[in-house]
Amino acid sequence: MAEKSYRDAIRDAMMEEMDRDPNVLIMGEDIGVYEGTFRITAGMLKKYGPRRVIDTPIAEAGMVGTAVGMAMLGLRPIVEMMTINFSIVAADQILNHAAKVRYFSGGQVDVPVVIRGPHGAGVQLSAQHSQSFESFYAHFPGLHVVAPGTPADAKGLLKTAIRGKDPVVFLESAALYGMKGEVPDDPDFTVPFGVSRVAREGRDVTIVSFSRMMQLSLAVADKLSRDEGIECEVIDLRTLRPLDMQPAYASVQKTHRAIVVQEQWKPFGAGAEIAASITETLFDELDAPVIRVTGEDVPMPYARNLELLATPHEQHIERAVKKVMYRE
Amino acid sequence: MAEKSYRDAIRDAMMEEMDRDPNVLIMGEDIGVYEGTFRITAGMLKKYGPRRVIDTPIAEAGMVGTAVGMAMLGLRPIVEMMTINFSIVAADQILNHAAKVRYFSGGQVDVPVVIRGPHGAGVQLSAQHSQSFESFYAHFPGLHVVAPGTPADAKGLLKTAIRGKDPVVFLESAALYGMKGEVPDDPDFTVPFGVSRVAREGRDVTIVSFSRMMQLSLAVADKLSRDEGIECEVIDLRTLRPLDMQPAYASVQKTHRAIVVQEQWKPFGAGAEIAASITETLFDELDAPVIRVTGEDVPMPYARNLELLATPHEQHIERAVKKVMYRE
Amino acid sequence: MAKPKQQGGTAVEQAACAPEWTDILRQMILIRRFEEASEREFRKGKIGGYLHVYIGQEAVASGIITALQPGDVVFCGYRDHAHALALGSDPNAVMAELFGKAAGVSKGKGGSMHLFDVQRGLYGGYGIVGGHLTLAAGAAYALRYQKKANIAVCYFGDGAMNIGSFHEALNMAGLWGKEGMCPALFIIENNGYAMGTSVERHSAVTDLSARMRAYNIPSEKVDGQDVLAVRGAADRLIAQIRESGKPHCIEAVTYRFSGHGAADILQPYRSKDEVEQQKSRDPIVILRQRLGEMCGLTDDDVKKMDEWATEVAAGAVKFAEESAQPDPGELFTDVVAEHGPAPVAENEIE
Amino acid sequence: MAKPKQQGGTAVEQAACAPEWTDILRQMILIRRFEEASEREFRKGKIGGYLHVYIGQEAVASGIITALQPGDVVFCGYRDHAHALALGSDPNAVMAELFGKAAGVSKGKGGSMHLFDVQRGLYGGYGIVGGHLTLAAGAAYALRYQKKANIAVCYFGDGAMNIGSFHEALNMAGLWGKEGMCPALFIIENNGYAMGTSVERHSAVTDLSARMRAYNIPSEKVDGQDVLAVRGAADRLIAQIRESGKPHCIEAVTYRFSGHGAADILQPYRSKDEVEQQKSRDPIVILRQRLGEMCGLTDDDVKKMDEWATEVAAGAVKFAEESAQPDPGELFTDVVAEHGPAPVAENEIE
């Protein structure tokens, strides 16, 4: 085990897989000479050369589409989106091509493409550059949608993505790039898709979340434990498609109370699916309705004071926990 | 009142508004000379000429983006998507431009653009041509998302869309184009956004739906009433953003049981938001969990036998109704 | 299986009487009869969805694809039956796909617009106009990356040239070509119309080949009704592409004799006269006449080919009719290869 | 307010000593000082998010925008401060926007990348590369549709030319131009790089003007460091565009003296020498010298302009610092104009 940042864990995963398999390559905007706007790809061009570290024009649809073609012929391209916001320029290539070609070809091709990049709110990047698309990508069969919340998961899930046979939308939290954590050294350490984990045990309330909001939930859980003796169990979904709800269900059977935490807009957001699934499955177990903690239903404003109001914070999670405990 | 088809109701709405306001124009692929693949625009080029009925190249992003520019300068463009599937080629223009420019300009512009076209499963159009995008468009603040289920609503809601000041994604059910219904003659008949309606009254179970699935639900409701004396109340949401859940809540307070019916994939689909909202709001009123009736979680297959298995049918709705009544 | 290019010069350099030319004529006649049969079956309601036939454009598929070698890959749009047949896909399996049967080339899951036969080099069959050009450019890169001597061929229509993915794919192809990393042959199937919109009405520049200059990709205009011209250009350019790893384009000027799709009956965008006049340049008749004049091919020879093709097409229909629907369980296969809980049926699958 | 074009020939035809040229120099110096101030405030942490300054490219904004008339509209990318100032936006309101204050041109909701001042013709300020070109083409159509004599100006970078929306917008502009329905002036701000990727590395064809031929849109390359050349081309072409309703393009060859954004410190993609050498062609120095030689503009005159500009920039910073944040309630305004229940706050808004 070594202490690694979320950023380095992602870079290590890519470089270890590139060392391991010559079919793995990476393409994106300014990932080579410029070394990446978030420096995830720093040093990669020097080490692997321009055939395997491809600086592309500003052409997200072109990046994803060419990657799909490469993948159909046996390569394992990783596509870096400078930020995930730009991936919707390539939405058709992701949703109508990458996600469906296996199916409408009757299973004649594998499509091992990893589309990765930072998602979520930054600091004053305003409306076009602050989005999370997990709910919309996770709606589409044929894709895998991954949202790691720790350095270890970032590395292990990315390796699973790169070694797999299917297209993966890999959502990184820009806000977590600097976060440190223990990461196994074993070059074959991987984390399977469709396996959620209990990030913290607790008897009172189940908090279901992923990515940065999972970390925020952990902080709240510790605070509530310390200050009020409330013990929250935090479930980290890790992958939204496939979505493994079993640990959340097991937890709710114990706590009989659950909240869901998601960063972005409430309507038709990821929290809706999670809340609906829990209620559908465990209606009689619930002592309170499943509450969703979400961002405000507005495009992201630029002004810092408004931006802070637009996203959920610890106190909102705390309030929701108490609400399902009828403690407010 | 006159008997009109859903198709003619849509055409009437557009032509009446074009007669009323010279700033209204329509653009799309093969809507002019070809008169539209679904013949919605038949006769319009002849009547209004090529400046107001614009045949575009195959360029969905171009169509939507130019329409946004026109709208910012005071026109009221209607963009016809040959099918809504092609709208995701323009996803960035819809989600990052049309939906957000009012906000990040600090309210300096109106964006009265209507993006309309048939959505949902057809007959053997296979994976790329059979999709419904309501949940993903409805996730984005700044848009209105409309999905009429009757000729009258198709006309009234489209007029509201054309007369409004905001971008609207107007989802038509190709399967309903031929459906007939009473449509008010009043040229100023409009249906407001954000007002759901009770499509059928009933005391036993609330069925919440929209578009074609709402019609299917009505058929099931009549059958259950006839054959088994079960009285379902059917709520037609009509618009998904803004989403008016009040009639559904009022209904559930009466029936204490609800199901949601949606055509496409269950995970992160529209049904999740509706089920989660009902449970959040009326947890103590519910005698059973809210159940979702949905399509199968697979890309749409071509083979007719598989396609029929991929979408929900009357018996599935019927089974869900009985399930929430603990009658099976 | 794609015909291996013959030793000793290209087919065109040889006497145009080489046996291969009779094979090509036979192939084009088969495509014609197959498409006629598929249109008939569509009218009978045996084929559903969209059906786009290649009648009138046969030389564009046959002229290029017969010049390919094993390992070359082909991407095309939804008007893809001819490409499959030219690559040697079993007509029975192609027709079965149109019928949505399990024995179809794509297991009945893709249909007319999504024919795949990867073993023979057919990488599909795509329905979003222009969406597959990026895939083809990437495939070409992959072939070079893998140090293969093969090329990627990408067919697309005149109307596809106005969509963003075309632009992004070709600029990337042009850039990669500078490094010798894009052995791709792009084929514009210029049949004069995008559905009901003529080239003049959808493209600001009507010389479509000239538009390729914006990507540093050389392009040649050829008579798409003359399979000798198409094949001649193909042989020459494919050799260059294999050698250089640089992309090239051919604009095949052709015409679609049938409607855009089987539902396009009225065709308000073109006159009967125009269609009739264009039919006077039938690619099959043109080749048949040339082989007659130059090589003494007789009416009787052609009659035999025709009977054979008619039989194959009829046999394919019979095969498709009689073969089984996909098993209901197929609904859930081929969604993803692996990972996580298998999909659960929402509704009972009878 | 855009300066009305003067009677009796364009500014350039007149003696380049017309008072307007001193105004243009003053404007360019203001832009420079404003951008320097904004970079300083970014370093201090007073400005957040992304900050892209126009230092080195001033002549491209001033040379075109000073040739516009009231009612003309301008669309540009995220590197938009200069365009706002050239259009006459209040420097205080522009700086307040960068600070995210209520007094900002976009109420503090847009920030540096999304400056809007519709009253003065600035229709934004967009952050998705290439996404705004389609808007500009549509705006041009609308102007003609409304029978106005105005034009739409669209600025974009060299890197924006490789994305699909560029292609779709220009082909549609070319088509509409044939009908006289697209009075648009497209300006390529060719500063040699898309972030860290040089033109040679991102565009298969490096003569960017030549690429416009694919859309039947004439294009001229001008020295973007020489405001007389830029303004000369603008006067001539804008007159044609107003008259004909046909789009035109100008490729302004320029250079960005600062990093791509304020975070671009290392600049591994270009050498210090290259930057230094390019700085020897400073558009402000070039104009200042010409006005000196030809019109006897003195160092003292320039010193006065400089002092004025420095003061205005400093005043703008002070104004922005002191002005108020948006009211929390502003979070929910400007989402949509109307319809349905007003948004409810998920979380308490203190």
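Descriptive notes on the structure:
Read from first to last, the chains carry the letters A, B, C and D; within each, the first residue is number 1.
One rule holds for everything that comes next: a contact is a pair of C-beta atoms (placed from the backbone, for glycine too) under 8 Å apart; a residue touches a chain by one contact, two chains touch by 3 or more.
The structure displayed is predicted, hence computed values, not measured ones.
Shared contact partners of subunit A and subunit D, listed by label: B, C.
Averaging Cα atoms per chain gives one point for each, and the point farthest from that of subunit D is the centre of C. For the pair subunit B and subunit C, the distance between mean C-alpha positions equals 36 Å. Put simply, the C-alpha centre of subunit A and that of subunit C have 40 angstrom between them.
For this pair, subunit C with subunit D, the centres built from the Cα atoms lie 46 Å apart.
Chain contacts: subunit A has residues 56-57, 59, 61-62, 85, 89, 92, 96, 103-104, 126-128, 141-142, 297-299, 301-302 touching two or more partner chains. In subunit D, the residues that reach two or more other chains under the touch definition are 106, 108-111, 114, 126, 128, 162-165, 168, 171-172, 175, 201-203, 335, 343.
Taken in their complex, subunit D has these residues touching subunit C: 162-168, 170-175, 177-178, 201-205, 210-211, 213-217. Listing the residues of subunit B that touch subunit D in their complex gives 25, 50-51, 56-57, 59, 61-62, 64-75, 77, 92-93, 96-97, 101-110, 141-142, 144, 160, 164-166, 192-195, 239, 242, 244. Considering their complex, residues 85, 88-89, 91-92, 95-96, 99-100, 103-104, 126-128, 135-136, 138-142, 240-241, 243, 265, 267-273, 275-277, 279-281, 283, 286, 288-292, 297-299, 301-302 of subunit A touch subunit B.
Interface residues of subunit C facing subunit B in the complex, by the touch rule stated above, are 48-50, 97, 100-102, 106, 108-111, 113-114, 126-131, 159-160, 162-165, 194-197, 201-203, 263, 268-269, 325-326, 328, 330-332, 335, 343, 345-347, 349-350.
Of all residues in subunit D, those touching subunit B in their complex are 73, 75, 104-111, 114, 116-118, 123-126, 128, 131-143, 145-146, 152, 164-165, 168-169, 171-172, 175, 179, 181, 333-341, 343.
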